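Structure below; questions to follow.
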Amino acid sequence: MRELPLAKAINESLRAAMLADSSVMLMGEDIAQLGGVFRVTEGLQEQFGPSRVVDTPLAEAGIVGTAIGLAMRGYRPVCEIQFDGFVYPAFDQIVTQLAKLTSRHEGTQAFPVVIRIPYGGHIGAIEHHQESPEAYFAHTAGLRVISPATPHDAYWMIQDAIASSDPVIFLEPKSRYWHKGQVDVEVPGLAMNQAEVARVGRDVTLIGHGAAVAMMQQAADIAEGEGISIEVINLRSLSPLDMDTVMESVRKTTRAVVVQESPGNASLGSEVAATLAEQAFYVMQAPVLRVSGFNAPFPPAGLESIYLPDTDRILDAVDRSMAY
Amino acid sequence: MADFTFPLPDVGEGLTEAEIVSWHVKPGDPIAVNQVVCEIETAKSLVELPSPFSGVVKELLVAEGDTVQVGSPIISVTGEGADEPAAPDTGVTEAVSDTTASVSSEGDSGKVANLVGYGAGDDHATSRRRRYARATPAETPATVPSAPVSAPVAQAMPIIAKPPIRKLAKDLGVDLASVLPTGVAGEILREDVVRQAEQATVFKNIETPAWPENREDRIPVKGVRKAIANAMVKSMFSAPHVSVFVDVDATRTMDFVKRLKASPDFAGIKVSPLLVMVKAMIWAVQRNPTVNSTWTDEEILVHHYVNLGVAAATPRGLIVPNVKEAHTLSLRELAMALEKLTVTARDGKTTPEEMSGGTITITNLGSFGVDTGTPILNPGEVTIVALGTIKPKPWIVEGEVRSRMVTTVAASFDHRVVDGDVASRFVADVASVMEEPALLLD
Amino acid sequence: MPYTDATLSLLAPDGTLVTNDRNEMYHQAISHLGEADFREFYRVMRVVRRFDIEAGNLQRQGQMALWVPSIGQEGAQVGSAFATRSQDHIFPAYREHAVGYIRGLDLINIIRMLRGVTHGGWNPKETNNFHLYTLVIGSHTLHATGYAMGIGFDGACSTGALEEDQAVLVYFGDGATSQGDTNEAMVFAQSYQTPQVFFLQNNHWAISVPVRVQSRTPLFERAAGFGLPSIQIDGNDVLMSYAATRLSMDAARSGQGPHFIEALTYRIGAHTTSDDPTKYRDEDELAFWQARDPIDRFRTYLTSLGVEQAFFDQVEVEAEDHASDIRARTMALESPPASEIFAHVFTDDHAGITAEAAWLEEYLASFEEGSS
């Protein structure tokens, strides 16, 4: 057992993956000597050299496009997109090419490309540095989308992503990078496509991923003091969704609230809600509620604490659910 | 030699029609594959069409200057059969929406394939008969019919009930419109539905009549009424009656009944808690044989067979027909026998033979909404069991108060034959099955 | 005049050889070729052109939604493709039918794609590394660059062994040079000094937009601006296409970094069968280029070498046979089963795909027989 911040857990895990498999390589802006703007790749170029830890030109489409070519060559590239808001120049290569190449090649070639993206708010940053773009990728067939909530998650899920033969979008909650947690480096966590019951409860199920998990735990602590028992689900996998775990919880509690930083309109939370409405129709005592970012561009940091879900907004939804 | 027709293709990804500008051949001309037959004008451009066939031009099917829909035949050729094309399912020329089935190349003699991207122009979609389609579908629907829509009923007040409650009502066969809601927001609660389910139908439709005008009605004592009276007196004043009661958590029986109802083996067969209790009684008789006897002053005749009587209300009064050899019947057979017995009694067609030879009886007070009672023995028998209402009550489960489906199992015994200990054991046995039907697997 | 002072050629439009100081090294580059090679160049150009015409007819007969003609560009494609070595990887755009043919692609597979049977059509491992067509303009140039970067990281180039050192040839058109991806590809190629040749077929039109809208300066100068050694050639000269590609690829595979060739050619046909060039092109311009046809001039040259008429007749027969065979096989093509929708979305198992595929199978089976 080690206590590691989330960023370091990824760093150590990348190291382990690169030691285990010489075809694993990292590419991105500022990841080599600087070690990445969040220091997630610190020390790795020193250890593995400039042809395995590659600083790229400032061109996101180029990063993903060349990673595709490298995957064709037999490499397992792990790309870093420096910030969530900068993934969009690469969006075409991701959804038009990477997501569809396995299908286009009719199974004769795999494309094991991982794209790491620090995402989310709560760090007081400027425009384009606090986005939650998971819906665009979850919506695109051919991509797997996962997001760790804890250092233990992060340590194992990045290795799972690298080992997967499919393209994986790995959304790292940057507001959690420096939060420490226990990491069992011997015993893996759940499988990459599994959700976790992060907290057992009876009255309401809270569902979310990444940074929202800690927020839901805080809300659950407060609710416990008020006599409401909340079960917290850490989705971990956004595409595919582990509805088995979610359904088991909702059958027990009969009430569900989804929590997400992204705007609610046409969001991943909408997909969870619609699927629950279909699969848990006869079970639910209340409709599925969504606590999301507002449907407006992410505001200047001075307003982010109002824009993003907080424990009050979550508990307000819990109250409304319980009142049905 | 065969005739082939060339339908107008979509030459420009989504075109729906074209004008024939000029023909380059005429009937009787020899024609080779790829030879230009005509020039057409589309929304996008002027295009020359090459012949897919070789042979002799038979007929020009449209005239210069005509505008033709994509898919319409424009020329027929009597062919030498060299390049016989395989035409795909003509379904593809129609609905654009109908895209999921694989299109196989069935030979449709004489037609050349029209293909991918086609169908942009065709307005009448076709539809195949769907598994969940309603009983009265439209013959050729103008549009693909949407999913079955339940007709919205204009009501004075909307029914407010959560999905789990709606399902419960559906399972119990309760019409939500008939349920009195007691929820704070006017919604129907679980207990409202359960209460409705347990009420006897007999009470629902009885109106309270006005007081009659005459002081008295005189009903002659004869027929069934006289027989009932004699039987009751004979029984009551010859056998010393003792009644024993036990409350039991019958939730598992209710679950079991629900499962039986859903089972294909029991489709169409009436299943109720009474069935379980009857099976329980037979099992309890096996364990306490003397409750299944007849007193004859000289002897106590212990029967090693069960002719199980069921008290049945008929238009003319209470009768007790019995299910012969009930101990040999499977659960399913028993259910069918009970149903037959009830229906026959209701129709007034029960024979004397069916009413004689009973060895033990059950009476269902619960169907009248009554919790329990002290039933009178059927003459010739020493035990009668009463089933009361089964309703949600607070019960202690694993140290906590929970709502469970609780009922009182009551039985009256002839104390000349059955002492308190046997009576209690028998009733406890019946109750234990109501609590755990799996004991019947013994 | 589309040609500039920089334009290199070996064979003039009239079929006679051109010699000057600038093209001496390119004559050298073809000096190892013999008449047998030249006959093969001619045969391939003719067979593929005849195939192309047949495919266009098939489209007009309703057998494909769309056909993408390569007519007029045979010289650029055949010369360059023959100049690659067997260990090379080739990334085409979507009009390089002759290159595919030379690499062993059965051309029916291009028809399968345009007929809606597949989005791919072949396995590059079975077509001597002729990769799939990419329909989004320019996107594949990054894939090609990434692949070449991989060759570099593997140390599979710059060893001095020409028969083993690997290189990547990527084809694209004048329109693609405006796309960000294409420019990023050159940035990355230059940064990592990839063993790669960028082969631009400037056929002068991007659908209806002439090349002067893409650029005010010759396109080969753009690449030079990125630092790539860059030449412009007469793309309708199959010998020059061969020579330029041969030298550039061998330089790239030998550690001299990425190179660029702009092959001036012309799209004699439409962009696709949905297009109507009469709406935007000049008759005179078309005539200019038809007079510079790659096949005509090469036939003239071969005749001057003494190649007999019987050879040309034999090639015609072969071209006809190939076209007829393509026709017959096109007619016999079947649509894929519905299960193909889900067959290769992911490499590993995926619960969502499994569930949906099962649902579709059950749904399709649920209809009564004899659907209306």
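Every chain is named by a letter (A, B and C) in the order it is written, and numbering of its residues begins at 1.
The rule is short, and it goes like this: a contact is a pair of C-beta atoms (placed from the backbone, for glycine too) under 8 Å apart; a residue touches a chain by one contact, two chains touch by 3 or more.
This structure is a prediction, so every number in the text was calculated from the model and none was measured.
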Nearest-to-centre chain - CA centroid comparison: A
A-C compared against A-B, more contacting pairs: A-C
Reference subunit B; chain at largest CA-centroid distance: C
Inter-centroid spacing, subunit C versus subunit B (mean Cα positions, whole Å): 64
Separation of subunit A from subunit C, taking each centre as the mean of its C-alpha atoms, in whole Å: 41
Interchain centroid distance [CA atoms averaged], subunit A/subunit B, Å: 45
Subunit B contact footprint on subunit A (complex, rising order): 254, 281-285, 324
Partner subunit C, residues of subunit A touching it in the complex: 25, 51-52, 56-57, 59, 61-62, 64-75, 89, 92-93, 96-97, 100, 102-111, 141-142, 144, 164-166, 193, 239-241
Complex contact set, residues of subunit C against subunit A: 118-120, 123-125, 131-132, 134, 136, 139, 141-154, 180-181, 184-185, 187-188, 191, 343-348, 350-352
Contact footprint of subunit B on subunit C as seen in their complex: 54, 57, 59-66, 115-116, 273-276, 278-279, 327-328, 331-338, 360, 363-364, 366-368, 371-372
Subunit B residues within the subunit C interface of the complex: 6-7, 9-13, 33-34, 44-52, 83-86, 88, 100-105, 112-118, 126-131, 140
